[in-house]
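Heads up: the structure comes next, in structure tokens.
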């Protein structure tokens, strides 16, 4: 009897959940999903972590993209298409990313993806996008492997590790005069890639690397590694990783009496870093592919729109998300022009995106080279001289 | 001819000497009882023989081979089987499978054979089922074959333990308080059964028991342990009248039977 | 309702007819409404119905085979959702095999293992390293990456390497028991992951956190496997073998010794069971299933990195086993399927659906409550509810039933002459 | 090499003790519940995390209302600690009622599943509430007790360097010591403590002694959770920033510590926590040196787990656990 | 008036019908014994009285009050002390702590001390072992501790479950002597025993249980001489 009751429960729950899910996707494929009913639906997916430890970043990408999409809605409606956002949660997990990528590939009305946050998720997922010819624009992946595989659909607007890292190294050594450097990284694909590139460039430039250590993401106590820093007495610490650990690291270093400058990559470009580190954040440098958005009118404009819409402050990745979506939509627009009112082919969209050579976004100018890297990806160097985000721009390096 | 020779057997737990240089000889084909007050070291003694504990000192000799240093499963292969004071069945599997586990060491099936279900493995498995069933018949549990062992009544569980032990084809069978929790009638039947086992199966039996009636009736030789030491050995009549034993264990009622 | 079920009971023909009808209807609806996840799930549900019918085992296997090999791929193949269904089915298959492996360790041998995903990782890396250029970093000979043809051999190699690690990890681990064992296995799982995450120096073996990209897809006679529907069949084939093996082990001398060890170690030993060997065998065989699926996983993802093998993953597999019903093969299969589908498909779809509603302005809820973010919450709630209302698992394990009549006859030949058996008497009260 | 290790030893010890103290108190929660129910309360890490959030939320609130400025910081902290531990204490009791008690007679592993469920549930719940209120689930509390000072180990011997401290570290260590002594006294010297031990040993018989077993179990959860919650507050003050996912890793480490010390043993949990903290810190600071640069700080968890495994292999019941020889 | 009365008790363990309509009564100052083979329901009867198991139907009337639905820890406060089968002392508590557990609801330290002295009168050996851990004592000592612990609550009704189990005959004699003594001083005792002969010898009355039912009842000496009882339980 127990079994039967369980069976019933199971059947009912499976049914109801399935029904819920079913009505959605079956509707979607028809391409005439309720709402305004003005023409064909084009969906753009985002795929970022919306839950778990790095959800803030994933969220900010999604929101940025959402803003861009909504601003463009009108334009596409005039062209006869209804734009829709389809956010997916990759949970920073490659398996989940690939499974979602299959869903994205299957849904013919999805013509592009903005994502992912993590290179580790991006790499396998993009293999799937490539199969289905779904163009992807990455707002955040800096690992070289992302574009080095030469996939036709994969593009990114941010700088590669092997550009950002050396840029930082150059600044650290030539401008800050660092001779002895201690490198710490968070043992993720992002942190390792950046730290490795930095280390190599720094060594080539003649600096001495006193230590190269890893920390664990999610932990809060980094005193062990900092004790090493303390006893090795470097004149600069480079950290490859994200702001959560970065902020903590800086704070604890200052508590230990380590007063030397810290430097990090775009993963440190967040207001939360300042929040976490507090006053300790002074004398911290970070490289970023974003120009100081608060200086430009577009940037200010963007920040206020974002704040108004979502009641949140912008994160660096919000703007990347926004620009990625804008670039994607620009390519889509071009593809539509040649499609005679039909849904443009994905290949076509991908081609058009790759063709973009001079798009001016909020934070960066975009022009793709033949493997999808952004030719205009510049690296800006910022410095926190007080506990206020963003820092002050100190330098600008372009290819 | 002796089948089991224990000499100078000693075991300490922390500071406590649980078994203190005990010597013992068990004749082949005999029924021997080990008695003594609670905590006297009787069960520890069994555990030393069956390899659950390793002795600190002394020797255990089965036939011509020493058992010291062997693991319990190796000792089982030498032909010693046992039951437990607190019943230790495989509670959540069927009665028949419990006995089939007893046949474990006779079965030859390996990983490969099992994986490919070779003819030999299939036949062997069928034979094992039949033999296990046979042992259930022998102890009178055949009709319970498909029940979970934990659902048997207490007395039946004790019998199943014996059937499982018999399935290993022991030369020496150790029974730890087989009559515990049985009423006099059941105990009488057990007495009979132990006798029958010896006749049928050519097995030597050593038992730990508190039921003096059973012990006196069944055993040919009795060893009395107290505080880990052997304080007496002999035939039932001798033990009954041994002053030391009466003091330490039996009390006056033993001398004046009800 | 009750009348219906009681009528159905015992009537095999009616059961077959109903089942076929059910499969037909759901197939048809899937065929027609291509993107309907509901239809897909309902079609999968037919396998569970099949399990509860009273048909002979061989027929059940046959029907299951037809549904899995023929019906499901065929009816879903024409629509746009095809690959994503196949992807989900493939991942389900991978998890089912792993859960079955863990079931041997936890369910049959009673050893709580919280680091099981390590073996999956070992399988994945075994193939990943040699099917990318990575191996050239430390192998003095050979040309890497190996061709996709080697995939088939690597399934076996992955199986053996994982089994070997199962034994290697098992040897020291087996001195500890119960919950201590849980934390030690957890430690081993973490050690493996951290080592893989860091083994890019001094010699670059695993490429560390960057992971191994562009793993060669399987290939046979020049035919490449790249799409989920192709992997689906690979997984199905391995899964078939795994289930066959599990069933055979479970009802053999080996399986009995596992259960004996689980129920009572001391008694098992006194029956002549070699404790260490028995436990190690459980570890090895359980691990080997994961190893094989690890290889498939690496080939399917074309990318291997340590983030796929976290503790959370081990816990999820354990949840599958316990939720399904420890020790019960059908239960564990169901548990793995339910949780994987829930995670990959149902929750995602519900999320998308609600998202759409909110973007369309039909409903509105705070961003913080977005269902995509509430997945853990939902999953957690489901776990608690299932634990409380179904503590024995979805399909509790059952013991085999032996046919008494056939044994009665055979038992005679085991009687030696002197043994006096009075049937059903023994020493009964 | 040895000189280098010695040089940094004072600092390593200070940091290790601070971290270890946190592990130790969380480990207490695991070990108490385990002792009484033989259940790995997977949700305990999340109770700790919730405590941290409640504490920070209160501190932020108090700052907003200007209370924090109006009273001595230490008084504010004590107030927050007391309120938080009462709240998390009741939360622990509630969790036991809802998710564990209905499963008291089910197989142990099923309760584990329920505990994992509670753990997920809490993570998302806290995230939701924080994000809903603040727009961001990473929460940074007001800066307190950040004064730094150092102990001049170098004046003892030149082979040591000085150890740097924050006031909060000192407060953390003092508070943990008070909690531990208090708990130890409670368990070993009071009637209810005795009742707890009795229930842990034999639940049925304890009920024959007029002990309301359910109440004792609730009490155990209350104390364990209250300690966990209070530690959460101390953690938040010490490290400044918290997020809903801190409970998982810390809980795992604390559980490891409990096992290291011998699970079910309260003093063992304390010792295990301290040991694990110091070991970890030592490994992070010195592995690079010890292995000539082959292994670095990233292997510190491997080091900690390896030591745990080695300990358990040679002493399967943990460092301070009593060997339970199964009665045969 | 009887101090305890069980009326038509039916108790189930899962699906097993363990007690099938048991009715017994115990008068003040009596020793009443329940005998029967293992699994007959003797322990279940005691557990039903002390509240560890709840009966499905029937009533347990203690001192005029129905306590059949009362949880064990409440029943224990009302003057019923249950010495469980297998003694169940707390192995890692000291002898002193074990005894203190028995008087858990007593707040007055002096009263506890007094009662402990009374317990030592019966069991002088416990005094010598006060600081020893319960689990390290021999079986006989553990039995004495378990009984002493029960006496600490100053019960008006003492339930003893198999006090002689697994003990040497010489210890069993001592235990039975103490049970007699307790009774002589006015304690009402309900005694469950395997050792039917000795139990019936000291009991005023006895009930014979078989598979959850009472098959016979009578005076202690009557039952001893009864043929079928002799046959089944004494012979």
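All chains are identified by letter, namely A, B, C, D and E, in their written order; residue positions are counted from 1 within each chain.
Here is the rule we go by: a residue touches a chain if its C-beta (ideal position, glycine included) is under 8 Å from a C-beta of that chain, and two chains touch if they have at least 3 such contacts.
Each chain and its UniProt protein: A = Branched-chain amino acid ABC transporter substrate-binding protein; B, E = ABC transporter ATP-binding protein; C, D = Branched-chain amino acid ABC transporter permease.
All values reported here derive from a predicted model rather than from experimental measurement.
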Labels of chains that are neighbours to subunit B and to subunit D: C, E
Per Cα centroids, the chain farthest from subunit C: E
Approximate Å spacing (C-alpha centroids) for the pair subunit C, subunit D: 35
Rounded Å distance between subunit B and subunit E, as computed from the means of their C-alpha atoms: 32
Rounded Å distance between subunit C and subunit E, as computed from the means of their C-alpha atoms: 52
Overlap residues in subunit D, where contacts from two or more other chains coincide: 124, 127, 296, 298, 301, 328
Residue list for subunit C, restricted to those that touch at least two other chains: 197-198, 266, 367, 373-376, 392, 429
Of all residues in subunit A, the ones touching two or more other chains: 51, 55, 187, 214
Residue numbers on subunit B that touch subunit E, as the complex places them: 16, 36-39, 153-155, 177, 180-186, 188, 210, 212, 246-254, 258
Residues on subunit D engaged by subunit A in the complex (per definition of touch): 4, 7-8, 11-12, 15, 18-19, 124, 127, 135-138, 140, 143, 146, 148, 150, 161, 164, 166, 235, 239-243, 245-246, 248-249, 280-285, 288, 296-298, 300-301
In the complex with subunit B, residue positions of subunit C that touch it: 245, 248-249, 252-254, 256-257, 259-260, 263-264, 266-275, 281, 285, 399-402, 404, 407-408, 410-416, 418-429
Footprint of subunit C on subunit D - complex, ascending: 34, 38, 40, 98-99, 102-103, 106-107, 109-114, 116-125, 127-128, 131-132, 252, 255-256, 259, 263, 294-296, 298-299, 301-302, 305-306, 308-309, 312-313, 316-318, 326, 328
Complex interface listing, subunit C residues touching subunit A: 5, 33-42, 45, 48, 52, 79-84, 86-88, 91, 197-198, 200, 208-211, 213-214, 226-228, 300-303, 305, 307-308, 338, 342-346, 348-353, 355-356, 359-360, 367, 370, 372-376, 389-390, 392, 394-396
